[in-house]
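Here chain A shows up in two complexes: once beside chain B, once beside chain C.
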Partner chain A sequence: MEGTDISWWSVLIAVIGGAIRVSTPYLFVSLGETITEKSGRVNLGLEGVLVMGAMSGYATAVLTGEPWLGVLVAGCAGALLSLVHALVCNLPRVNDIAVGIALFIFGTGLAFFLGKPFINPSAPRLPDIDLGWWSASPQVQSALKINMLFVIGFVLALGLAWALKTTRWGLVLRTVGDSEEAAQALGYNIARVRTLGTVAGGFLSGVGGSYLSLYYPGTWNEGLSSGQGLMAVALVIFARWDPIRCFYASLLFGGATALGPALQTVGITANYYLYGAAPYFLTLALLIYSSSPKRALEGAPGEVSINR
Partner chain B sequence: MPPPGLLNSLEAVTINVAAFLITMALFGVYVASLGHNPLDVYYVLWLGSFARQISVESTLTNAAPLMLTALCTAIPARAGLLVIGGEGALVVGGVATVLAGVALSGAPFLLGVAVMALAGALAGGLWIGFAGALRQYRGVNETISTLLLNYIAIAVMYHLITGPIRDWDRVLKTSSWSIPQELRVGPLPFIDVHWGLATGVVICLILWIIMRRTTFGFGVDILGGNPRAAQMAGLPINRMVVLCCFIGGAGAGLAGSFEVMAVHGFASESLAVGFGYAGILVAFLSRQNPAAIIVLAILLGGVTASGGLLQRRFDLPDATTQVLQGVLFLVVLASNAAYGRLSLFQPAAWRTT
Partner chain C sequence: MTHLPDPAKKPPPKVEIWKLTKRFGSFTALDEVSFKIAPGRFHALLGENGAGKSTLVKCLMGTYRADGGSVVLDAAEVEISSPRAAQRLGLGMVYQHFTLVPSMTVAENLVLGDPDLTQVIDWPAQRASLEAFLADMPFRLDLDRLVSSLSAGEKQKLEILKQLRLGSRLLILDEPTSVLTPDEADQILGLMRRLTDEGRISVVLISHKLREVEAYADEVTVLRQGKLVGQGRVADLSRDDMVRMMVGDEPPAQVSARESSGEGAVMLDVQALCVDNDKGLPAVRDLDLQVRAGEIVGVAGISGNGQTEFVEVLAGQRAIAGGQPVVAGEPYHRTRTEMRARGIKLLPEAPLQNACVRGMSVAENLSLRRFDEAPMSRAGFWLNRRAMRARATELIAQFRVKTQGPDAPIETLSGGNVQRTVLARELADGANLLIVQNPCFGLDLKAVAEIRQRIVEARNGGTAVLLLSEDLDEILELSDRILVMSEGRIVYETTRDAARVQDIGRHMAQEGA
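And now, the complex of A and B:
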């Protein structure tokens, strides 16, 4: 019995460590999508943006040897790709969700196309921060190796929550997202605010992609992202468009994603693919749980089409 | 004055052709920036898709599943939903077909094929119908739920083909059991394309008639145009939405059936190669019209078919066709803004003369 106790502990530690390690891309994409959706648009193409960010960040790190430059370039590539989404959606009678699907196909295609030469060379990784020094257990130590981007993401979530609530910029964004008529009456340029919101969201998603290729799993290949960008969009709904809740939800999703590999480390390999699908099941279950046919979700921007 | 219906169709054809030409121009600039002559690339696209009998056959073989997966987006879209679960419905349809086929070994050919096709269609229909029911009765956004169902379907298929229904004798490729050889569907007469193409064409035409000529189709269009009006008119909205999702999902499930019965003979990763996602593009190109789907699925099938030749001739990565599809999709969506802007197609322009 002793033995099984220990292995369950190590699964738990591996899941917690995995949650911290895996959650960062979810966090960045969901924060980015929160900004975009607060402006009244849905960008479903963030999966494509994420993959594009992963590719361009990795390529930059290979070519220059500077992983942090890779992060910056990944953000810019994401912003550029999202600008396409914003500009197409600024045209009349264009469905933003459909444009998102197109961007998803286009972005992943472009990333695979341009990233082909970078599958083999290895890039320098982003550095760790060691928070597990106090523990003698190597498992705890490895679980508490935290990446700087995770910390930045956490600070960003706090900052974004504050900015949306108290700054003039946040108020303008929320007004445009909640009621086009009100924003128009106040003289705001709706298209410009939404363009900026989409581009900012794309920048963050691109950064999230660079985490995939430059830290964990830390390589570039065509199977790198398995829908994290899409799940992050669902995660925003679950988090009720609140940056702080995005942070908790990202941890939860990260833990679910880490479940399969964690069980594998203790020798449970049966049903590997089903455990691998845990985040999708979790997302769907949470959506079913938190949605309601009778009312719009609390905290939802009024102009967001995903809500009507 | 030409009838307004004809004007609308001409407008759609003109805008789509323009969108296609713009896409080709953009793609030409793109390949030129990579150092290839765009004219050579266009020629190879033509060569690989429609120029020779063998390329036409390959085009049509790709077009068959695209017709059916396009329905998965198009039919629910007429009721106002954006369903993108064609990939998952195709996969569950394929798996259900394998299970039915294995259970039916020894059955007469027509019965066996009919039951397998029904199993695939039913599985796909229930899969997407579930998403429709979630949307109507629980308020779950159907775009996101169908997307998640794609990933779940693929994970379930991998689970099954790596364990419970794995064919351990096939060493080189992880796959499920095979359906009995005598239940495999062969090619059409005169042309080496499987029967899925004929089935796809017939189903698209039937749905076109249903959508245009029946009370049900009329009701669905009211619902898609104005849900509140449909509610006022007392239409059974919930049942209609779930039924539209079921029909669309059944189409994609049937695509999976034919991929198993006519192409592969078993379920494997080759089922999830993107027919579901390309079907979304076909549905949007055809403006959710089942008859137009037939033509546009053939066009997109041509793009897919020429991908291999394009790769070999110019040493381009296999993602090239995906880039081309993505650009085409973006341009077509952007071209929605042009509807109603070209005065030639407005009845008013003809009235004054």
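And now, the complex of A and C:
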């Protein structure tokens, strides 16, 4: 009886640790998508951006030996790819959802093509911050090994929430995303604000991708991302376009992803693949929960096409 | 932080508009129009839809570049190349459709327009400056409320505050009262009048409501088909003079006489109807309403009080949360079959979106109710296009729809002609119950008179008509019984003869019930 108690306890710790470890890409992509959607556009191509970021970050780290340079390059690659999305969507009568899906396929395809030579060499990993030194339990220690990017992501979520309220940039972004009419009357350049919003979103998603290849799981191969980029878009809807809620929702998704491996550590290996599908079930369940034929989505920027 | 111009100090400019011209291709929307606005004057710009009023102010506001003529401010000719440039010159526009950001607070919306806003907003200082600014204004608003929670009147006030805060000395109001109750309209225009009397601003009021022009404006300029057709002091002109200038020599047709009819049978009976809006909140609450054959029941109300949701329920576009409408004594489940069998017809608001298929031809749109039965369909499967076109040609002539032909896509028609087309479809086979919402919104006087006449004719023929309109004059002109809808309920009922604008207006404005 006591033995089971302890093992459930360790499952919990493993899930929490996994949540922190796995949530970072969700966090970056969802913050990026929040910026993009606040400007009134949806970028469904962030999955492609994420994979492209993972590849370019890994390749840079392999070639230069500098993982942080890899993160920067990943961000820039993501920004560049999203710039394509933004510029195409600036043309009249272009649907951002369709362009996003094209970009998703293009981004993953391009990353696989360019990334072939980097599957074998191994890149230096991003460093940890060890917050578990106080505990004697190796499980707690490993759960609290936190990557710098997670901390940066957390600070970024707080910073973005602040910036949307108290900077000129934040107000303009929200204006453009909520009412084109108001933005026009005030004389803001809608296309430019949206382009910048999409590019910024792409940069963050690219950084999120570099976390996948440079920290966890920490390799580059074609099965690296299993739809995190797409799930993060759903996560933004669940978080109702609020950066702080994006942080919590990312942890929730991270925890769901970590469920399978965590159960495995205590010897429950039956239905492993079923547990592995937990984040997808969660995405579906949350989307069903947060949508309704009778109501419009609460908190959605008025000009986002999923809201019209 | 208070680098904004002090509203009390700078006087309004002397404005001269000289031979302003704007062409769109071969079409001249504005043809050498000139007028002057002395500082502190309340100037009305009168004209029907499409007369060039909007084009004129868009040239003034820098949205359009004029093709000819000039604008002179305080004896200096100015080039207005963008809305920003207009703002710097002290010209401000209060739009017909609110240009506020709904998800932001009043304070955020007021700060937004400031061209010198710092990158990081110093909220404490901004708030202090906003409080000081509001203290000097004749009306105030809670800075922390979300714009989406403001009433239409409050939004209008916020738009005006926003312009004054930006230091606009000439305010252009574009049909400011179309979404307001009569009381709110009087309040807002009264405030504008006061600000002009104090010499703080000049006002240009765009309107087609003669009552407002007579009550508040000093001078009036009348446009028709892009040309200046009349000008003068309001005090020197009679209402008839102004109508004649607006519509030309040909007076609009009179609405046909109402034949008094006995009390008809109840056609539509709605008891305790509840409907939710898009946010899942109640929009229609325990609504009770009856319409009898041969009468027009007018439902007055400010937009957004559940009218649209109510019509959507009757059209079968929205789920019912409680209650069941009854038509001619039997429950009405809002199916196409039932609508056809019982003669339930609809002219919803914005018919191009709600009652037409944009890309389809006029003939196809005219056939939507009956395309699947003979003669328009053979064996319920093959369409008989020739029969559809023949029927359409007949209806186009009968309802005087102006179109290039039955095969022209309906989206190429003007608003009035779309309205005529839908009305032709709905009335062609006779109607037992006709539900109409804002049928004359944005139409010129001739089309308005014609549409209203068709509605009255239908009533005289024994149709039960439910008319929902935001235009109180329309309600008063057409209805046998008048109801007022506020916050999803019927809060007031009166008859045609006993109706008084003040009573109706007061009930339109009331909160809750």
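The working rule: the second predicted complex is superposed on the first by the 308 of 308 C-alpha atoms of A that agree within 3 Å, B and C clash if a C-alpha of one lies under 4 Å from a C-alpha of the other, contacts with A are read in each partner's own complex, and residues count from 1 in each chain.
One rule holds in what follows: a contact is a pair of C-beta atoms (placed from the backbone, for glycine too) under 8 Å apart; a residue touches a chain by one contact, two chains touch by 3 or more.
Small disclaimer: the values here were computed from a predicted structure and weren't measured.
Legend: residue contacts after superposition of the two complexes on their common chain; A:I119 is shown touching neither chain B nor chain C.
More residues of chain A are in touch with B than with the other of chain B and chain C. By the document's definition of touching, of the two partners only chain C reaches A:S179; chain B does not.
Once chain A of one complex is fitted onto chain A of the other, the partner contacts of A:L91 are limited to chain B, with no touch recorded for chain C. In the superposed model, A:L12 makes contact with neither chain B nor chain C. Using the contact criterion defined above for the overlaid structures, shared-chain residue A:I129 touches neither chain B nor chain C, since it reaches no partner.
In the overlay built on the shared chain, the residue A:T283 is in contact with chain B alone; chain C does not reach it.
Once chain A of one complex is fitted onto chain A of the other, the partner contacts of A:A102 are limited to chain B, with no touch recorded for chain C. Once both structures are placed on chain A, chain A residues 292-294 are touched by chain B and, in the other complex, by chain C.
Interface residues of chain A, counted against chain C in their complex, comprise 166-169, 171-172, 174-175, 178-179, 181-182, 184-187, 292-296, 298-299, 301-302. The residues of chain B lying in touch with chain A in their complex are 82, 84, 134, 136-141, 143-145, 147-149, 151-152, 155-156, 158-159, 162-163, 277, 280-281, 284, 316-323, 325-327, 329-330, 333-334, 336-337, 339.
Those residues of chain A that touch chain B in the shared complex are 44, 84, 88, 91-95, 97-99, 101-103, 105-113, 116, 226-227, 230-231, 233-234, 237, 270-274, 276-277, 280-281, 283-284, 287-288, 291-294, 306-307. Interface residues of chain C facing chain A in the complex, by the touch rule stated above, are 82-84, 87, 93, 95, 97, 99-104, 108, 111-113, 117-121, 123, 276, 278-280, 319.
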